[in-house]
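Next up: the structures, one after another.
In what follows, chain A forms one complex with chain B and a second complex with chain C.
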Partner chain A sequence: MSEVTTPVESTPRRGRTLRIVAVVVGVIAAAFIAVLATRQPTEVGQAASPLLGQPAPQIDGASLDGQPVSLASLQGHYVLVNFFASWCGPCHTELPNLVALARAHPDLKVIGVAFNDSSTSASGFLASGGAEWPAVADPDEHIALSYGVRAPPESYLVDPEGMVVAKIIGGIDQTRVRSIEDYLSGGGSR
Partner chain B sequence: MRSLLGHGAVLLGFVAALAGIASTAGGLARRRPSAVAAGRRYVWLVLAAGVLATAAMEWAMIGRDFSLAYVAANDSRSTPLLFRVTGMWSALQGSILLWALILAAYLAAMGRRFRRRGGDPVVGWAMVAGLAVAAFFFGLMLGPADPFRHVAGAVPTDGPGPNPLLQNNPLVAFHPPLLYLGYVGFTVPFAFAIGALVTGRVGESWLVETRRWTLLAWGCLSAGIVLGMWWSYQVLGWGGFWAWDPVENASLLPWLCATAYLHSAAVQQRRGMLRVWNLSLLMATFSLTILGTFLTRSGVVESVHSFSESTLGPLILSFFGLVVAAGVGLIAWRGDLLRSPGAVDSPGSREGAFLLNNLLFAAFAFVVLLGTVFPLLAQAINGQTLAVGRPYFDRMVLPIALCLLFLMAVAPALPWRKAAAPVVRARLLVPAWAGAATIAGCVLAGVRGVLALVAFGLAAFAGSSALRQLATRVRRSGPAGLLGRSGGGMVVHVGVVVLAAGFAASSAFGHRGELRLTPGQSAAFAGHSLTYLGTRDARYSNRTAVEGLVTVDGRGLPARPAVSQFAGVTEGIGTPAVVSGPREDVYLTLDAVPSTPGGPAVIGVVVQPLIMWMWVGGGVIALGTVLAAAPDRSQRRRRLAKSPADEIEVTTDLVSGDVEVSRGAERSPVGVPGP
Partner chain C sequence: MSATAPASVPRFAGRGWTGSRLPWVVLALVVGVSLWAGAAPRHTPSLDQRVRQVAADVRCPSCTDLTAADSNAPTAVAVRQTIRQGLQQGQSPAQIESWLAGRYGRDILLRPPTRGVAGLVWELPVAGAVIALGALAFAFARWRRAVSGGDPAEADRRLVEEALARSGGPPGDEP
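Coming up: the complex of A and B.
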């Protein structure tokens, strides 16, 4: 291969600067890799959240079909706040489990929050799965940000006093259904 | 049988890659060019292994061999042929196989392209680096990402098929392979950068040799990203195309670095500057493809692309660490050789503008990377779970994108070294007027919104600046003026401008709504008249569907937004229908099917202006990339001037008209004034 390199003088000072920069970049990269290496996959069912034990952020507004929805008005019941989207694969997988859970426990209220979804697609998605709970649109992601939601599906269990008692990342499968049922029967554990 | 063939092929690929590394590296260590050249032959074995393994997988998918766990999980008896073929990359193990196949093809092409210089140490070390990457990916398939694993227990008689969203649109046949052609293609310039650093031949020739490879990878990645946006728009039913999801960001990050590199490489080729920066950009581009694979396959970040998560995380992260360490270490080691022979004479020059462009692209990439991994960093530092949403990205990225549009307008008008104000003024006069006239025209037409107006004005400024350059080149050289870096590059600019205008218009001026209509009823929405004719049941090979029939503005065949039912999936999947036009798209979804025959249906409507132009812009970008890869006048002249004994490099910048001849270490401008 031909070379058209311009002559290069020996420049110890520049070489030293470059090495210092390289060491700094290397240290930052190593720290970054260490952070990544110590993260757990988010699949692990119930997750830590600064909201745990805190009052649940309010959800007030009109549901996708125009009815008023208020989280505060459901005090006295366990409420599952479910962030979902019609385009999200795991949301499709969890919907039948959620529908069965809601039917088996009429005392458990569910509020859906459409994440990055048009209200039209979201309501169509819920209706086609037989979901009968109210859902709200969240076009500016204000509700999602107040709960710390990064991607659907995510669910938060709010106790009858309005406190967040569990955060569930990922779809609700049978194991998670059972842990929610534990809460409802008064024996919930994290 | 298929499993045996697949396992054998994967093992062959892994062993051949290792043997190629040993043979080539051994030849390099003993300084025996013939041994180095012999190592190249192993790439053909690696390619044969990749083809065989892919053939075994496709044979299993098409033949519905449910004894393989991958087929049992991603195929079904009702899946149509096209989606059985594309099923190979609908989940993790098959995606790794596709990666390995494409990498093997790139390495074989590289071996063939440089066959006459097989003994050259730069080529030899590049081959070692490329084969090491291949060994890693074939190695993954020998262990945790085995695509040919047998099902545990009894062989099922049917499977669930691919995720319904991956068998809903033929674009799935193009979007992932194009993305992978892009990601994997960056292995070639990365490997040559390693070769240049190891041998210490860090001049401009390796960069010139790999320019087309980088362009090919960049063009495929660009097309893959735009097709992904189109697919998202056509399939997902929310009317959007980009959600700042980690997987989307993972494709954008290498694209941003590679785009910066394509510009700064021109500066190095022309002025010999930015050597460390260019090597760093190439290392970053390749590292970010690996990091993106880690982020999307390890499950550490939540993503809507949850088609495949796995336990590959630690292995991919270790490989990422190795790549970063090799890159940073080699650049530091060769620091003394990487001194640039010149400096930017004036910020108002082409190289000054390219430098600024690079800083903006680096800032863009940093903002996207930070937004993607910030939740992980925050969790590591104070244990808190934080979310970074669309508002962060929109707020941070928009100003950078507008500055880049401005630079796109100005930079092509600036000559190298130093710009004379009257020349620049003359070149920018018409584009600036075009930008101002566009803003005025938009305001008169009733368009409101400062950001959108600024975006339209800058797009017109940048677009007309690119068209002016193209017109100058075509006037001078005929259609050949469209070829080469400058000609093709300006066509790419036109594509980016068209895409940006479509993006700005559709984001700023969209309308969303919902109509409840009984059969025969019409309604007006955002200037369109929609008539709902009723529903019909449709049956396709992989799904049944309830389709709503809706005419838009009383023209053409009715659009058919649907709710589809795939075998093995209990809920309905919305399938939107899009009536596309150059002015605007009418996007329809069937949100609620009639509960009683002849009852009302709920139709979701999204009207977005100019969105079609985003896809047209993507096509123009792809066309521009092809034109940029074609040899321009200077390269044809260089070929004529080249003789084995005395190699001369002539680089011509046809925008400014400067010609430069390099012979050995000498470099002398024999400049002619620009237009």
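Coming up: the complex of A and C.
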């Protein structure tokens, strides 16, 4: 049987095909928009990290003044692991807030990790701000890499079980201080 | 000049299945051998080359639009050092990339994953190509059937007659 396509036959058929293609494209576009629109927004002051809910990477070594430092030895306390550098402007801004937080909450332990900084500059920076917590050098940036740090200042809150519960990108301001205090008081913005 | 086949006679007409499909078989062979030759490793890469290969698929953590292979930022240097240590310890590139993704998230990797929704990036083009080739084959077969399966002149005549009948017939007497 011969099959001859005529303009009279092909026009409605082509129109139907176009409608089907348009509907398929429309459905895909709608699904794409729905996926983007329903994504969880990142909370202000806290950042997403694959480490959240995971055991905190170990920090073991000597502090800038030669004392032994071990994150594992601080289990049972909340620990704030703070990545900083003396050349970093926001680190200068956050230091007074951190010092005040540490003084107000003796149960909160702070460990500083110098990011791409010399030991002399880093310890001088901490001393000038009145920081009394230990800080370690990270000459090959291995600690920074194991925490997923991109640039200072970044801080990670580790709970008494040794799990990372919060990642804070940027300097710690009063809002973030309150957020950390929520964790310390048992509330936490989990 | 020697005698050549008339233009209307297909070049491989009368040579059977082998003659008509020989060009396609040769084409497939050439493509297959080229792909195999292009993909086959020419030599065992050194450790430095392997580090660079893996680092080229990793984003520099503290840079914009640079790979860990191309940047000298401290974090990029640290990534390269981690890759080197991992390779020296016998880890595969996938294991090293998985470790980095477990710290920074999957967006640290420049190559999309091959599984899950993101795997569609790899699968959709292949599926699209297969569907397009199938559609072309179907369309060619249909056109060939339409051309060889009937008498176009008769069909055209019928179309004209139908059109004339709809418009009330010809102005003059027609046999």
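By our rule, the second predicted complex is superposed on the first by the 145 of 190 C-alpha atoms of A that agree within 3 Å, B and C clash if a C-alpha of one lies under 4 Å from a C-alpha of the other, contacts with A are read in each partner's own complex, and residues count from 1 in each chain.
Heads up, the rule we're going with is that a residue touches a chain if its C-beta (ideal position, glycine included) is under 8 Å from a C-beta of that chain, and two chains touch if they have at least 3 such contacts.
On a predicted model such as this, the values are computed, not experimentally measured, just so you know.
Taking the superposition as given, does A:Gly148 touch the first partner, chain B, the second, chain C, both, or neither?
both
Figure out whether A:Pro50 sits in contact with chain B (first) or chain C (second), or with both, or with neither.
So A:Pro50 meets both chain B and chain C here.
Could you look at A:Asp140 and tell me whether it touches chain B, chain C, both or neither (first, second, both, neither)?
both
Would you sort A:Ala29 into first (chain B), second (chain C), both or neither based on which partner it touches?
The answer is first: A:Ala29 touches chain B but not chain C.
On chain A, which partner's contacts cover more residues, chain B's or chain C's?
B
Taking the superposition as given, does A:Cys88 touch the first partner, chain B, the second, chain C, both, or neither?
A:Cys88 sits against chain B, while chain C stays out of touch.
Applying the document's definition of touch, where does A:Ser123 land relative to chain B and chain C: first, second, both, or neither?
first
With the two structures laid over each other on chain A, which partner does A:Arg19 touch: chain B (first), chain C (second), both, or neither?
first
List the residues of chain A that touch chain B in one complex and chain C in the other.
Residues 1-6, 48-50, 116, 140-141, 144-145, 147-151, which sit in both footprints.
Mind listing the chain B positions that touch chain A in their complex?
117, 120, 122-123, 163-165, 201-206, 209, 235-240, 243, 245-246, 272, 276, 294, 298-304, 306-307, 309, 313-314, 317, 320-321, 324-325, 328-329, 331-332, 335-339, 341, 373, 375-377, 379-380, 383-391, 512-514, 563, 569-574, 589-593, 602, 604-606, 647, 649, 662, 664-665, 667
Touching chain C in the complex: which residues of chain A?
Against chain C, the touching part of chain A is residues 1-6, 48-51, 54, 115-116, 140-142, 144-151.
Going by the contact rule set out above, which residues of chain A touch chain B in the complex?
Chain A reaches chain B through residues 1-12, 14-19, 22-23, 25-26, 29-30, 32-33, 35-43, 47-50, 85-90, 92, 95-96, 116-121, 123-125, 127-129, 140-141, 144-145, 147-152, 154, 167, 169-170.
State the interface residues of chain C toward chain A in the complex, per the touch definition above.
61-62, 74-75, 77-79, 81-82, 100-105, 142, 145-146, 149-152, 155, 159
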